[in-house]
Structures are given as C-alpha cells and as structure tokens.
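One structure below.
Read from first to last, the chains carry the letters A, B, C and D; within each, the first residue is number 1.
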C-alpha cells in the first residue's frame, strides 16, 4: 500500500508549479501542515481555490506563490481583513494576483458539481448582486419547465485537493467529524487528493452515516498530529483563537510577516505542530 | 406542541383526495403503517411518487386509490414484478392509471432539487435511453460553459411526504440511521411531512453528522412501533423477507389480494404492527 | 441601575434580540447578529433555531463564536450538515425565516456592500467579500440588518452591491423575480428603522433612549426620514443587560485562549 | 468432484466472478451480478469494493441480499450515503470502474430492456423498469452483463432501450457523447462473450465446459458469431464452487426467515 507516506513526499508528488489547488477546511480542519509544506517546497504560480481563504492562503499569497485566487470570503474569520491578500490585491506586493470572486452558495454548488462530475452548477443565486458584472464565470440558464432563469457557475475541478481529517484506518479510509464543511466535495472534485490525519487507527469506529472517504478515492494519507493548528480538530484540540487574533498583527507589515514565516514555517517541520496544540488538547 | 398525534389524525390532517404524495423508503424504513392508514381512510385519486414503489403502492393501486404513479422501479425488490400494479397498467384493474417513468438517477436528482427549492434537476443522464421518447418531462439544457447537453427533469414537490424513522426526541426532532435513502430529501421537498417513529425518547443520542430532521421541518410525528413492517428499521428489527416472497402469491389474483387486504389492513390498526415484528426484533 | 447604564452597542444588540421569536429559524451572521440572536435565545426565545453557515443547525453556544465554524457551534447543535447541504436544502430550500446580516456599507434601501471600497478592479480597500450574504439576502424569508451608524457606513450610494436589498426601492425585488421580503428591519446603535411599505426606504420608527433625531442624522450619510408616530425604544431590562454582559464575558475569557 | 458436477448457473456466476479484481469499484445489480461480485470477494478479490445503489459503499455481506437495501449491506459497509449522493458523487462522478447488470432482454450490441415487452403504452408484460441501470450503463467505466441464455431473452431487436449499450454498434456511443466504454463483457450460463472491437457486436470468446456452439445458437435469438480462437472456460475450482454454494445456503437460510 503506497497510499501512506510522509507529508514531504505527498506534497512533492501531488502539487506541481502552476497547479490549481484547493486546501479546504471551513474554519474547522484547515490543512495548515500541508500548506506549510507547500510553502517550504517553494511551489509557484498556483491557482488557489477556497471558499474562505484564511491564514494559509494569506501566507501563500504573501510568499508570492499565488497567481490567482478563487474565493467567496477573503477574511480572517471573526477578526477582520486578510492583510497580505489585501496588500497583493491593492498594491501588488509581492506580486499582482488575479482574483475570481463568488458567493459561498456558488462555490458550495461548484464543488458539489465537481464532485458530481458535472461541467457546471445550477442554483438560484446572485439575484441583484454585483459580482455578476465583474465575473464572467457567473452565467445563467433557463429552466426548461418553468422558464425561471437560474445562475450557473463552472464546476470546481482542482488538480489537487488537500484536507485535514480526524483518523485513517490502516487501509487509508478517512473519517471526518463535526463541521464537515466542503471537505468531501473538495476531495471528490479533484484529480488528486492528499489527506493529513491526526492518527492512524485499526478501526474508524464510527456511525453508519458518518463522513468517510474510501481509500481508493485518495492519493496520499499522512499522519500529522496537530496538522490543522491554529484551526482545530473537533473533539481532539480546540481552535487557537488567540493565534487568529495575533495573525492580524503579524501580517500587518512585511518584516514581521517574513520573520514569522521564517521561524514558524520555513525553518519548521510537520513534527512541530504537535507541540503547538498540546495546551489546546481536550482533556478526556 | 401539536406535532405529536395519532397516526389516524396525522393521515386525516395531511393527506387529501387528489393529493400528490410520496411514501418514501429505499427498501429500508418503508412507511407501511402510514400507507395502511391511508388505505383505511379510503383516500382516492392520488398521484403517488416513489423511486421504488413496492408492496404499499401495489396495495394502494390494487385498492383503486391511485390516479397516477411516478416511479423509477416498479418491482418487488429481489422477488419480481408487482402484480397489482402490472394488472392496472396492462388491464386497467380496478381502474386505469397514468404513469410517469424515470430512472433512479433522475428521481434522486429530482427529490434533491425539490429539497433545494429548485424548479428542475440537472444531471448527466438518459443518454441513449428510451424513456426520453415516452416521457415529455425528460428534457435537456446546455451547459453555458462547455456546451454539453445535460438532462433536466422537473423537481419533485409532493403535497405531503410520509416516512418512517428510528426515533424522535420530545421536541419532535427525528433521527434516521443506516440506509437513509432519499428520506431527508423527500421530507424537505414536500409541503407537509408526516413521520412515524419506532420510539419517542429523551435524547436522540447520536453522531454529530447523523441524518436528523428538525421538528420545525415536520408536520406530524407519530409513535408506531413496527411501523415499517415487512420493511425494517435498522438495528431494531430485520426485514421480513419471507413476507415479500409471500406477497408474490397473495397478489397473484383478485380474491386472495382483497381477502388479505381486509384481514391485514382494513380490519387492522397501527397497533397490530408491533406484534408482527416481534420475532424479527434484534436481540441486543 | 439607572436608565443610561448601558452603551449604544448594548442597546443595539438588545433591541435586535427583541425582534426574534421562538418560531424563528435564523441564519446568523457573525458579530452583532450573532450576539443578538444568542441574547434572544438566552432570554425570551429559548426555542429559537439558530443556524450558522458552517452547517450547524439548532446550535446553542455558551459563548459567542469567533468564527462561523467554532467547535462550540457543532458541539451544541442539533445536527451538523455539509456546507452544500446548508446552502441548498436549508437556505435555498426556503426554510430560513430570518437572515441576519451586518454591513460595512449600507444604503437607505437596505442594499449592502462588504466587498470593496472604491472601484472593484482597483479598490481603495479590499473588504472580505460576500460569503453567504448574496443568497442569504435573496433566499431568507426576510432580512434583519444590524450595524453601528457612521457617515462612512450609511451612504447615499454604496460602492458595490454585495447583497441586494430593495435595489432602487419600490418593487425592484419583484421585478428581478425575487420572491422573499428582503430587508424588513434595520437596528443600529441609535435607532430602529423599517422600510416604508411603498418606497422601501428605511424610516426611523424608534429612537433608542436618550438619542435625538439630530444624533441619527449626523451619523447617517443620507437624508433621514422619521416616522410620524416615532417611538422610543424601551430601555434594556436588567435581565437583558445581565445576559448580554455575561455572554460577552464568557466569550472574552474563552477567546483569550 | 468430477468436472461436470456443477450447474450452468454456477458456471455463469463463477465465470463472472473471475473477471473482477481487487482494484475494482463495482456497482452491483441484484441477482446474478450480486452473487458473482460476492464470490469474487470471497475468493481471489478480497479487497474489491462493492457498491449497491441503496448507498452502501464497500459492503461485505455474509449472505446475499434479497433487495438492494437489505440491512446486511449497511451493517457490513465502510459507510452508507444517501441515494442522491450515490448517484451524483459516486456514479455520475466517475468513480465506478465496473457496472454489473442483469437483463430481461438483450441484443447483440449490449442494449438492455427491463422495461416492457410489447408496446410501451400498451405492454404485453410490464417489467420493473430501469431503476439505476440507464445511468449505470452510461457513467460506469465499463459494463459487465450477466444473464441466462434464451431465445426470448437474447433477441435481434429489444422492445425498449432501458439501458444503452453500443446502440447500433460501431461508434454509436461516442456519437451520443458518451465517454465510457459500455458493455465489454457478457457472461451467460453457456459462454463468455466480448464485443468485436470495431462493430461492437458480442462474439463468443469462450464456451463453458461441455457446451457446444449449437447449444449457444439454439438459446440465442440472433445469429451468433464465434471467435477464431475460441476457448473453453476453465472448470470451477473446488474453492469457487464451495464458496458459491455456501453463500447460497447461508442466503436461503436467512431469507426463509
């Protein structure tokens, strides 16, 4: 079984310069470890897709790895703006980036359509909204029964999706619990999928209808305890809200940003994450 | 809380002559008790929707209650044909019925679209299939990005949906486990929804991502132990496969059918079902 | 406790909380809407259903979430569904009675901008964007908006239509084929506003205690209309204030990490 | 056990089971396909992924299900998803390598009828209909078909196109925009058939032990073509036969209920 490998190898094998990639997670289970590995490996000219680009995309944008961002909410959730991304959009630092902006409903439907093998998603959306005028990928079609005009957006089909999850069993089947977000769709919509998990176990030991990804739908599975920090893994460790508040200061200027990236990402390793979550672990 | 009521009242209040109704269940959790109550109350001119019309629709068709059947597989699963329905379609006994026939994929998508408040479902289907030529509700539309022609069917929006489920809590929130089929979509697509449950409990006591219907999405909740028999309730009692095999003989002619209906439905009550499942109950 | 022992911010949250009932199924935006919804739940509307776009349905958090996806929301929810399901079955499916939104920029017809200040392609300030708001605004039964008043925030013309309110007013929603009511209520730190039934322009219907018409006009970028039967918002009760303050304290303690 | 101590039906199921591998993700129809898939799993392909349209993924039943939704399928599955998810993410999403179908009527191009005998609107016999088959036939990577031979079942022209195989043959699938391979294998109680690469007409490539060309032609309604290098299907092994018979015995005991 070659599914299991180091995070280094999983990123090296599955993420190429110029790829369209999604590192998904809806506040919960954000794949920080995988994104940091991508930063260390210096990938460039990426098109990054995400409903809620937060710290990891802010970091990748700030490191100049990103050519285009496809998103629906580019904020630091509950804190405010993403300063590195804003700097790139407003001032072109460290490089100009293209953006393709949608609503959450559009992106959720577009991932769902990607997972469903469809070329586009159809929904009732963007009524009166300004994004239609600035994004040529927002189109419409007509219901052949009622004549209602519905919105259409292209389905999302990333070259590669990275997610973080709770557990994998020894065959590589993966369990996600709690706020499952768009994780399953992001994996099934992609050509390749890499999953970091908190733990590899004998038995997933879960509910019949839990969110489980079969091993044959995945490209690589890597055990990275703490791999979501400062996001969280439900029931295992809490969200590091303080780190999200701190990011607002760290990212406020170029020097403090670059210094933080050197210490905490470039000179760090996936093994460092476990220590960062120790004080956040749930007492059982 | 007026959500809880007797099955008699739930059917009387929510199913009218001429209604479009879905009694859904995908082999698992078929709402036999609710259908039998509808038969006892003598509703007529119904349009019945179901992916897999099985014994209950065969019984309702045989009792002359049905004007139209919308379906995708009209068989006795694993046994063979539905003899009463076949008799109605081939010979007009006891009355002629109209049919609108789809594939499973079309109906699953149509329920999903109904639950999503959309006028139609869009999917890749019916390629080369003959149903397109005999069902004017199978149409197409064109992806505005790729030009691919996709299939479209009207969304399913029943006046009322009946389902059977495992448990309700005391607020009327309902849990479904195991083969969840199309139950959630059938409820959310309908104007009204009636759920029979095995048991009303203090706490649903389940997984964070289990299939749960909030009480405010339902019209009535009735406690009817054994209410799925001869279908089953996963983990509580097994499918009565022998009863499905027997139905093939009972339904073979008019007299044996009518005699069975009198004894087992017309002269029976919802309370009789509990006894029928006693030997099928799982030993814990 | 005297009648002015509360801040305008507290008055805003409490006034908003009073508008919610046990029967409501509320799609909750983060920030002020989240505080108002949870104060309602902890006071007069214990059975209100709160839904966050992260997929958490019927959530009853003990502290306010920092993000829309904090673990607390899932732990205390009736159930948690995927994000596509949330937007398809629950929002687009028409099951939300009230969508509760904040705004960076707002006009008098309830149109909201949270996307950019300046030109979209060369923005002066790039804001976070719409997130769930464009479809919350069109698919929820009605929309409540809450924001602090300022001339920068409440403007004659917004820079970008992130979420459509009443457009140019009147029957503009219906003309676009939108079947829901749109903004029916605006609660600021100074007043309660409701749309004129015909023009759909927001009109002040109630001033918060101690607030003058002039206070409202000075912090609003459009020429304000006041209702003929202008009311005064009742003071927060002790229970309302204590509930809000305890919630904020628990929240601050939890988020300081 | 002598070489002919097995029935044609057993040979059919075992020949079909041999075509499946550990890497396959198989969408399983009820009846003969279900038996073949489970014999494969219990013999040479323990890691095969079996999927039933009821939503059960990676199921490993101890007895054959009577319906596609027996509890056994869910109890032994890796996970169970909703029916819309099954048809959207797993089938239409292109994750199925083999769709395994039975047929009431079949033509030489692998087109299947399970809908009606006679005219659709005035049928002589109303059959159950397509169920999942129309989209299994178009969305699975390739299609295996298994059925018992009969002149009523294997016909020159089917009465209704429930599931499209190769249509009129040749590149008919591609002309309809279908990107999957369609029927690549037919396993009957008498022989193994594969489509001619050009015409797509089914050609007998292997006769089961003791079966003659004449046996095949007499039970088939079209003029049968045989491969130049016609083979003989290897006899069932003891392990294959014992596995199949034990499975059938457990199943009969369970369903007599």
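Here is the rule we go by: contacts are C-beta pairs under 8 Å (C-beta built on N, C-alpha and C of every residue); 3 or more make two chains touch, one makes a residue touch a chain.
Quick caveat: nothing in here was measured; it's all calculated off a predicted structure.
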{"item": "Comparison of A-C and A-D by number of C-beta pairs in contact, larger one", "value": "A-C"}
{"item": "Length of the line joining the C-alpha centres of chain A and chain D, rounded to whole Å", "value": "40"}
{"item": "Inter-centroid spacing, chain C versus chain A (mean Cα positions, whole Å)", "value": "28"}
{"item": "For chain C paired with chain D, centre-to-centre distance based on mean C-alpha positions, whole Å", "value": "57"}
{"item": "Shared interface positions of chain B, touching two or more other chains", "value": "112, 116-118, 123-124, 148, 178, 180, 184-185, 208-211, 234"}
{"item": "Interface hub residues of chain D, defined as touching at least two other chains", "value": "74-75, 80-81, 88, 92, 139"}
{"item": "All touching chain pairs, where touch follows the definition stated at the start", "value": "A-B, A-C, A-D, B-C, B-D"}
{"item": "Residue numbers on chain B that touch chain C, as the complex places them", "value": "112, 115-118, 173, 184-185, 188, 208-212, 214, 216-217"}
{"item": "Touch list for chain A against partner chain B, complex", "value": "116-120, 122-124, 137, 139-146, 148, 150, 152, 154, 177-178, 180, 206-211, 234"}
{"item": "Chain D - residues contacting chain A, complex", "value": "23, 25, 49, 57-58, 74-75, 77-81, 88-89, 92-95, 139"}
{"item": "Contacting residues of chain B [partner chain D, same complex]", "value": "26-28, 51-52, 71-75, 77-82, 85-86, 89-90, 101, 103-105, 108-109, 111-112, 123-131, 134, 148-149, 178-182, 184-185, 211, 232, 234-235, 238-242, 244-245, 280"}
{"item": "Chain C residues within the chain A interface of the complex", "value": "30-31, 53-56, 65-71, 73-75, 80-84, 86-88, 91-92, 115, 120-121, 123-135, 137-139, 160-164, 167, 172-173, 176-178, 254-257"}
